[in-house]
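Next up: some structures, all given as structure tokens.
Two complexes come next, and they have one chain in common, subunit A, joined by subunit B in the first and subunit C in the second.
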Partner chain A sequence: MAALQDILQEFHRIAASPQEQMKHYLAQNKKIVVCSPVYTPEEVIHSMGLLPFGTWGTDMEIKEAKAYFPAFICSVMQSILELGIKGAFDGASAIVIPSLCDSLKCLGQNWKYAVPGIEFVPMTYPQNRNTTYGKEFTKAGYQRVIADLERITGETFEDEKLHKSIEIYNAHNQAMREFSEYAKNYSVITAADRNAVFKSAFFLEKSEHTALINQLLEALKETELADVKKIRIVTSGILADAKELLAILNDNNIQVVADDIAQESRQYRVDCPIAATALDRLAEKFATMNNCSVLYDVNKGRASYLTELVQENKADGIIYALTKFCDPEEFDYVVVKKICEEKEIPLLLIEVDRQMVNYEQVRTAVQTFSEMLG
Partner chain B sequence: MYTLGIDIGSTTSKCVLLEDGNKIIATSLVVAGIGTNGGIKCMNEVLENAKVKREEIAYIIATGYGRKNFSEANGELSELSCHAKGVHFADPEVRTIIDIGGQDAKVIRLNSKGILENFLMNDKCAAGTGRFLDVMATILQVPIAEFETQARSTKEPAKISSTCTVFAESEVISQLANGSKVECVIAGICNSVASRVAGLAKRVGVKEEVFMSGGVARNGGVRDALERELQVSIKYSEHSQLMGALGAALFAYEKIGAAE
Partner chain C sequence: MGEEAKPKYIPDPNSAKAKLGKIAKEHYDNLWIAKEKGEMIGWCASNFPQEIFQTLGLTVCYPENQAAAIAARGGGGRLCEVAEGEGYSNDICAYARISIAYSQVKDIEEQNMPQPDYLLCCNNICNCMIKWYENLAKELNIPMILIDIPFNPDYKVSKEEIAYVKGQFLDAIRQLEEITGKKWSDEKFEEIMKISNRTSKAWLEATSFCKYNPSPLNGFDLMNHMAVAVCARGTVEAAEAFELLAKEYEESVKNGTSTFRAEEKHRIMFEGIACWPHLRFTATELKSRGINLVATIYADAFGFIYDDFDGLIEAYCNVPNAINLEHARDKRTAIVKNNKVEGLLVHVNRSCKLWSGFMYEMSRQIAEECNVPLSTFDGDQADPRNFSEAQYETRVQALTEIMEANKGVR
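Here is the complex of A and B:
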């Protein structure tokens, strides 16, 4: 069995080299479909023999995309378009972009003009998803994706094959949840390691990623738990993958014991249940997903969910990493702040951005939070 | 036993030398912050003032923006923790600290034991900070030290936005072009800083008593405007700028105590 650090290194390598991964799959004559955030139905793409390849953009200076976006808009979207314009996804057959927030809608529309070589496939989700008509709407969205992908790639969709892909994705969800549960107690798993495990999932075929996770879990089970006192934190937000931020968490003796990050655990909380057809299974899954700023919820249950995460994981506090200009996350923060004050849960708000170059303010805030809790 | 706290900010360095964790022996302030020799100069000055040698100091804690780069320090802590500590030592009744420094603004809430229980920092923007005042002083060619008298000399402050330093700069120029008096513009500038920082304070929750620390605390125009915005009286000391360094020196003493 490979040593723990070797396996972690492999996750870091994959997470840091999406373009190498793309080349690797293209060399095997795989047809790649880029999956934009958030909740792109990867299972459908996978079942058609295509390779879903996730992207959340990257930390970079945005230049070309500025011609298409206003200045004050989510930099995740801007960096995805910038990568597209600069050829980072060249060789991909299509990109699927869901419609779950206004910025994503802009990304889809701009993509058509900015990156004409990679066809844009919209995935339109309903706001009211857990009703009969909502599920039908979701299924109609999937059918549009299927029809577009059949036309673009020449591959065909079969419900039976989707059942098989769903099982692969359910197994992956399970592995990711198990990893998160294990990682919280192992001080050897740094915030950067944890993030690399989650991030690498976007650049590997899911059964390959599950196999790697299972190796990691085996290695962890054989690792002795170190008696190290760390500050136990739950992270929340759209993404928290900047190297500098992860290093700051580490420098301040912080262990991420659970997350409510869209790029991380939010993807893996809910499995596809049993239903009449495989597409119904997918629609059922989307209907029952919750606790996310871009999934409409009149009761804003995410706030209570976060406090439960704190209690279940014996966390000392929450770091809310607010992606700059993300309206859905800004709206949720108010509710989260209120419930944290009621329950006396320490909450730190930091602002993150794909274009950040200076983290000194974040460093001071995290250090103060750590000193306050330590 | 001597302990030393040094607060290296973006524009100034401050030192407090403490004896036995409760007696301030000497202080110093040098107008040179991170990236300069301000830290060393400031420390040498405080040692000279107190006639104490470097080797007599049992422990040094650095704080402020330049805390990571001061090689003389035995440890470092964030300036928010240090301001909380220093202000509580100086005035145990304080529950809210408004600290406006050279390039950022912070609001700190303390409990009755002086323990930091909540805080908020400004977003990455010069509006509502000392830098904002510096920029405006340069445009108006009025020393910041005169802002207080000028702001207090008028009852008709000009309207200056608190959103952005660059926008505010062009507003100031427009106001002057339209014939506004300099003192009215200065009063408007103080209101602008206060409005921005009051927003931060309200998010944390203002609990009396309120104390203002940091370099901008010296500006009575901003203090007056903040009192009006928050509807509370704001305490201030002529040593407000030294509170971070004082807190660092107190923490340094606790470190020695813990070690012994």
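Here is the complex of A and C:
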């Protein structure tokens, strides 16, 4: 048990100290490429001998970024820019920002002027992605990232190396899925623990993170399942990593049994399949990705996917953590709400924001929800 | 109370204004005629390549135009609240909220249009369009065609982007043939491209008269005429009406007349979509200070000039909201310089994250490059609740004072 707690503490330490992690890698003469949400092709960056370093912003007061963004742009974008302006990514060689939502498009444009010391590398994805021309365009996007990174860092790209990185990332995906599957039944894994495991993945080289996950899985396998009745919840949204929110879930006896969070499991659902070249493998992966608010889906499959998650994991309900001002998520919520009403699945909407300081409204809502389910 | 009702103003039926008004009205009338005849009706994004459905002879209408009309006639708040009642956040684009609400309410006094049988979406103006149309397609259980034109981080459109959009263009034709039973004709496509170019040239020609000092037109006229540039670009009638409009402006320049019914003391660029629910107030506040709107990126937004199929695709990739900051800035800087603009009034539009999301930086760069003052105000294209008359008045006053001071210096 001590070992388990030690390993969990290590995840918490990494998740809470991205800047120390950056320093650690820079001290090893690693060249760091910051990866903005969402679906930045980390495999490509990794294969070039660079260290992909993820950011989803942080909970903070926004000051400098206000000169670039109006108040109604989501706080994920605002805080990434704020961190950049304040030097949190100093030492990084570049930042890759995909443009899968309108606010991400603006983040890239603002970045060029707000943080001129760290070059902006755009990643342009297609929405009609599972077509021959869509996959070609995805590959063109990767090639653009490669060309920019070669110019900026002096490193080079080789398809063979990308194959190797893809295997590292596929193995990591598998480990993350396995962790989620295991963690749902262990009441010892709190919502905060679960989040730390996911969040830390952005600040560690992936094979290192996989090794740590495997240690955790081994420790879990040796841990007895406690006979504790918990409220089993599926979470959905862009992110649910605020300390206060995670504590509220814990205080209300909630076990996160699965998630549809962009920062968490959405990253790890799809592996790269076999294809002619390594870049084709990546493009094929993107082509088959789905059930996400920033990926076009005329069938709105995410809603039924969520209900399947509830059934498969014997969940009692869904908490939809809506990142304020995220319109893709706001649109999807209505469809999710409707299907939950049809299938009589309890659904709680809570609004989260990286600038939020008062969680009392969230506390009351979660408390009422858990009392209803409990 | 002894007040006599003002006689309703009826423009000369041979004037461009009357002809444009007639086209806009007939657009809606023809929709109902088509619906009654059993034709399928499409709802279409404003910057979807209209050459596709014009060639196929399909009847489509424009939820964005309808939402603007509803908002201008006072129904925006009511319909936004209907959507909010369904669970839509009040942070979502008000056009989308109004349109989704209308698809449920179906009959309103401000502006009706037939319900759709299919949807034509294009995200070259924003990705919000995708989510809006996805939800309509799901709710109404009808097919949706998306032509995805990604935001271009580079100045020039790449050959890869052209190939990607072309692939979708051809797929869209095939899908629409299947949905509607109509057949594609290359000859008709050539003809439609010619007419669309003619209309676009005439539209750009008409809007170019803003460069004259004083301008022969009140710039707010363009926001009204734009509806025809959206809904009838592929028709000879629209081309002729815009050609006539250009001629009228040419005459006005010669005669020293203008549709701006005040002394033109200051010339500004208005950035962003109009605040439709507060159009009268926003326009009057400017007019009362002798401020004429002589520049708007809208002129460019619906002026699609091209030589061939690839050129057509490139034009749709280059619409104002699909281009990077530098390209967007340079387009505006050219307009500001060419039209002798003396100040920028920037609408920070709550409904439009993409248009507003890098507007601060871009506006600063334009103001610096052109050496003109800049003032911003908070508003919304269609939700009347997101606008403050007092703030607008203060910001316009501040801009006026700087422009006056500059005139004293220059």
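Keep in mind that, in the parts below, the second predicted complex is superposed on the first by the 372 of 374 C-alpha atoms of A that agree within 3 Å, B and C clash if a C-alpha of one lies under 4 Å from a C-alpha of the other, contacts with A are read in each partner's own complex, and residues count from 1 in each chain.
By definition in this document, a residue touches a chain if its C-beta (ideal position, glycine included) is under 8 Å from a C-beta of that chain, and two chains touch if they have at least 3 such contacts.
None of the values given here were measured: they were computed from a predicted structure.
Colleague: Examine A:Ile73 and indicate which partner it touches, taking first as subunit B and second as subunit C; both and neither are also allowed.
Modeller: second
Colleague: With the two structures laid over each other on chain A, which partner does A:Asn128 touch: subunit B (first), subunit C (second), both, or neither?
Modeller: The answer is second: A:Asn128 touches subunit C but not subunit B.
Colleague: Between subunit B and subunit C, whom does A:Gln361 touch in the aligned arrangement: first, second, both, or neither?
Modeller: First partner only.
Colleague: So in the superposed three-chain picture, is A:Thr277 touching just subunit B, just subunit C, both, or none of them (first/second/both/neither)?
Modeller: It touches nothing on subunit B or subunit C.
Colleague: Of subunit B and subunit C, which one touches more residues of subunit A?
Modeller: Counted on subunit A, the partner with more touching residues turns out to be C.
Colleague: Scan A:Glu371 for contacts with subunit B and subunit C and give back first, second, both or neither.
Modeller: First partner only, subunit B.
Colleague: Taking the superposition on A as described, I'd like to know which of subunit B and subunit C A:Asp102 touches: first, second, both or neither.
Modeller: Second partner only, subunit C.
Colleague: Common interface residues of subunit A with subunit B and subunit C?
Modeller: Overlap of subunit B and subunit C footprints on subunit A: empty.
Colleague: Over in the complex, which subunit C residues touch subunit A? Could you list them?
Modeller: 86-89, 91-93, 96, 123, 126-128, 130-132, 134-135, 137-138, 143-144, 146, 148, 150-154, 158, 160-161, 163-164, 166-168, 171, 324-325, 348, 350, 353-354, 356-362, 378
Colleague: In the complex of these two chains, what residues of subunit B are touching subunit A?
Modeller: Counting only subunit B, the residues touching subunit A are 65, 77-81, 104, 115-121, 123-124.
Colleague: With touch defined as at the start, can you tell me which subunit A residues reach subunit B in the complex?
Modeller: That would be residues 346, 349, 351, 358, 360-361, 364-365, 367-368, 371-372 of subunit A.
Colleague: Flag every residue of subunit A that touches subunit C in the complex, lowest number first.
Modeller: Those residues of subunit A that touch subunit C are 67-70, 72-73, 99-103, 105-110, 112-114, 122, 124-128, 131-134, 136-137, 140, 293-294, 296-300, 322, 324-325, 327-328, 330-335, 337.
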